[in-house]
Amino acid sequence: MCKKNRLEAFSDGVLAIIITIMVLEIKVPHGENFETLRPLLPVFICYVLSFVYVGIYWNNHHHMLHAARKVDSRVLWANLHLLFWLSLLPFATGWMGENHFAKLPVVLYGCVLLMAAIAYWILVRAFIHADGPDSVLAKAIGVDRKGNWSIILYVFAIPLAFYQELFAGALYITVAILWLIPDQRIERTLS
Amino acid sequence: MCKKNRLEAFSDGVLAIIITIMVLEIKVPHGENFETLRPLLPVFICYVLSFVYVGIYWNNHHHMLHAARKVDSRVLWANLHLLFWLSLLPFATGWMGENHFAKLPVVLYGCVLLMAAIAYWILVRAFIHADGPDSVLAKAIGVDRKGNWSIILYVFAIPLAFYQELFAGALYITVAILWLIPDQRIERTLS
Amino acid sequence: MCKKNRLEAFSDGVLAIIITIMVLEIKVPHGENFETLRPLLPVFICYVLSFVYVGIYWNNHHHMLHAARKVDSRVLWANLHLLFWLSLLPFATGWMGENHFAKLPVVLYGCVLLMAAIAYWILVRAFIHADGPDSVLAKAIGVDRKGNWSIILYVFAIPLAFYQELFAGALYITVAILWLIPDQRIERTLS
Amino acid sequence: MCKKNRLEAFSDGVLAIIITIMVLEIKVPHGENFETLRPLLPVFICYVLSFVYVGIYWNNHHHMLHAARKVDSRVLWANLHLLFWLSLLPFATGWMGENHFAKLPVVLYGCVLLMAAIAYWILVRAFIHADGPDSVLAKAIGVDRKGNWSIILYVFAIPLAFYQELFAGALYITVAILWLIPDQRIERTLS
């Protein structure tokens, strides 16, 4: 395997496990009726949101590596840095779900999302640094509007969560929807 | 890695973890005699059934991707959607096993199976959309009889579970057996 | 990826997770002195034994797939069947470790090993059936002495465990040592 | 897949799961305020340290396999031996974190790091034995200064932990920082 393939394989492994570990937070209840399921509803909603976020990161990561040509040590560590913040998502998801969207858990969840977004931004720079400013990747990324907007929205949502936790949650969902509209920049440039 | 390979690798990772996480629901008992194992029997039966189901999905996924040629954003998300429902299987399995096939858990298990079957149906459409209606894949799938029958049987089994939970369980097992007869359509068309 | 690669990737995923899930049975104790570690010793010994066993299966699987040429549905399901029994190893390991090598857990552990050995035997036949009796693989396997001896020793050890659990445990360790001497049949035939 | 690729894939799988399993030790607290997070701080610090260590091993493993040419049974088992010690890292991390850097857990953590470093040293010898003393890999490794220094520092830190656990912890961090400066020997020789 070339370096790029192994980076993909390792990242896929970590992302696959993060997604599946989150489902462990939905603990099997001891009763068998609807009442025992009801407290799991916020946990389930958080799981859906985090699943979508990990899916978004996997998709974007996938597209970026498709365009990238070179992988150096800087890229390897920038990638591990991204995986570090994403690995905290199961904890943040579980805490937010178990406390039914209380203030502090919503703040922490936002912080993890913000740090992951910043880590992704750093990873993009590391790839462009490795491939050079005239590379396919650099052109494909261009001005990363969605990435910048996400960071701005998180920075706005986190302090807001201290006062209006549900509105902050709505902002997190907004960012996810923003990304669900597929990122056609790289696809367009490459084809 | 091309897009198709990475889709396979990620899906394999998630499916491998789902299978292995289900085994965690079979909690190590504290005693050391047969009596401590007996309450684990329904959990074990559920584990076997779910293991077979994940195996079936892995096999079908494997065959479909072997025939598929193109992977676009629609396919990526349809695949994540399928993985989402399958990721709920460990929870549904554990709940059904711990409550010894009680009504509601059997209903929920059926719903997860139904949603996964629908998600698989959507994924097949997404692949055919990407490859075109005259592609090898489209011909290999043809009229997906087994897929359609599964959905019909689930839709029938779920309301039934409210009255006859064991009969519903028997229907889930029937669908699994239906699929265990290997899917020779794609193999035949390709060879 | 060709079928063979994907079979390898999926099996590697499941085996990697089985190995790592077993370590979860070594629960972090609440004290901080040697006394809190002592009850973990049998759990640790069981972990080492099971780690070695999974390592042996991974090595043999690796060598066999290196020699194999064709993968059909029969092979896919024989492989899933092997993974099923291996997936029960963490449970059997945890139960045997927590009960300090009590009778019944030692019997169950032996049964899981026996079923895995039989499943491996079936997988070898499935591969030979796919490749043909004159294939490189069929010649490389020849008479699978180690495989046959393992099954014989397990069959002998399991009833023994009811009377002499430690002697049965010693037999399991013997089989592991037998396999640790690397399987040079396939390597020799191929090179 | 050739033998090397499968070794990479399996190791990546195990390392990916080790990283993600460690995060499970950061248990979701039941309260929703800052007070409930505070006892998690040492657990979090341990997680960061262990994450960095696994990242270092993954990076070095990655570079070494990039230079290696041959994989034999000796290499396969040396690699499994390394993975065995790394698989104990989640346990050692959790124990050290939960006991707020108490003596014995810090000693045990150091022992696991030491054994992993020795296992890595053995793996390097196994690769050089497989490739021959004039191979690219043997030249690229040369005198493994960092590896040797790590082992010396661990040997020094472990007895120290009985008297000055925090100083021992600082030594573990020092070794990690030592490795974070990327290993340019292999990269330089290859390019």
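Letters A, B, C and D mark the chains as written, and numbering starts fresh at 1 in each.
The definition used in the following text is that a residue touches a chain if its C-beta (ideal position, glycine included) is under 8 Å from a C-beta of that chain, and two chains touch if they have at least 3 such contacts.
Here the structure is a predicted model, which means the values were calculated and not measured.
Different-residue interface: subunit A and subunit D share under half of the residue numbers found at their contact. Superposition angle, subunit B onto subunit C, using Cα atoms only: 90 degrees, a multiple of 5 between 0 and 180. Per-chain CA centroids place subunit A at a distance of 26 Å from subunit D.
Inter-chain centre distance (subunit B to subunit D, centres taken as mean C-alpha positions): 37 Å. Residue positions of subunit B with contacts to 2 or more other chains are 9, 13, 16-17, 24. Taken in their complex, subunit B has these residues touching subunit A: 1, 3, 6, 9-10, 13-14, 16-18, 21, 24-25, 72-74, 76-77, 80, 83-84, 87-88, 90-91, 94-95, 98-99, 102-105, 108.
Residue ranges of subunit B in contact with subunit C, taken from their complex: 4-5, 8-9, 12-13, 15-17, 19-20, 23-24, 26, 28-34, 37, 48, 51, 55, 58-59, 62, 66, 180, 182-184, 187.
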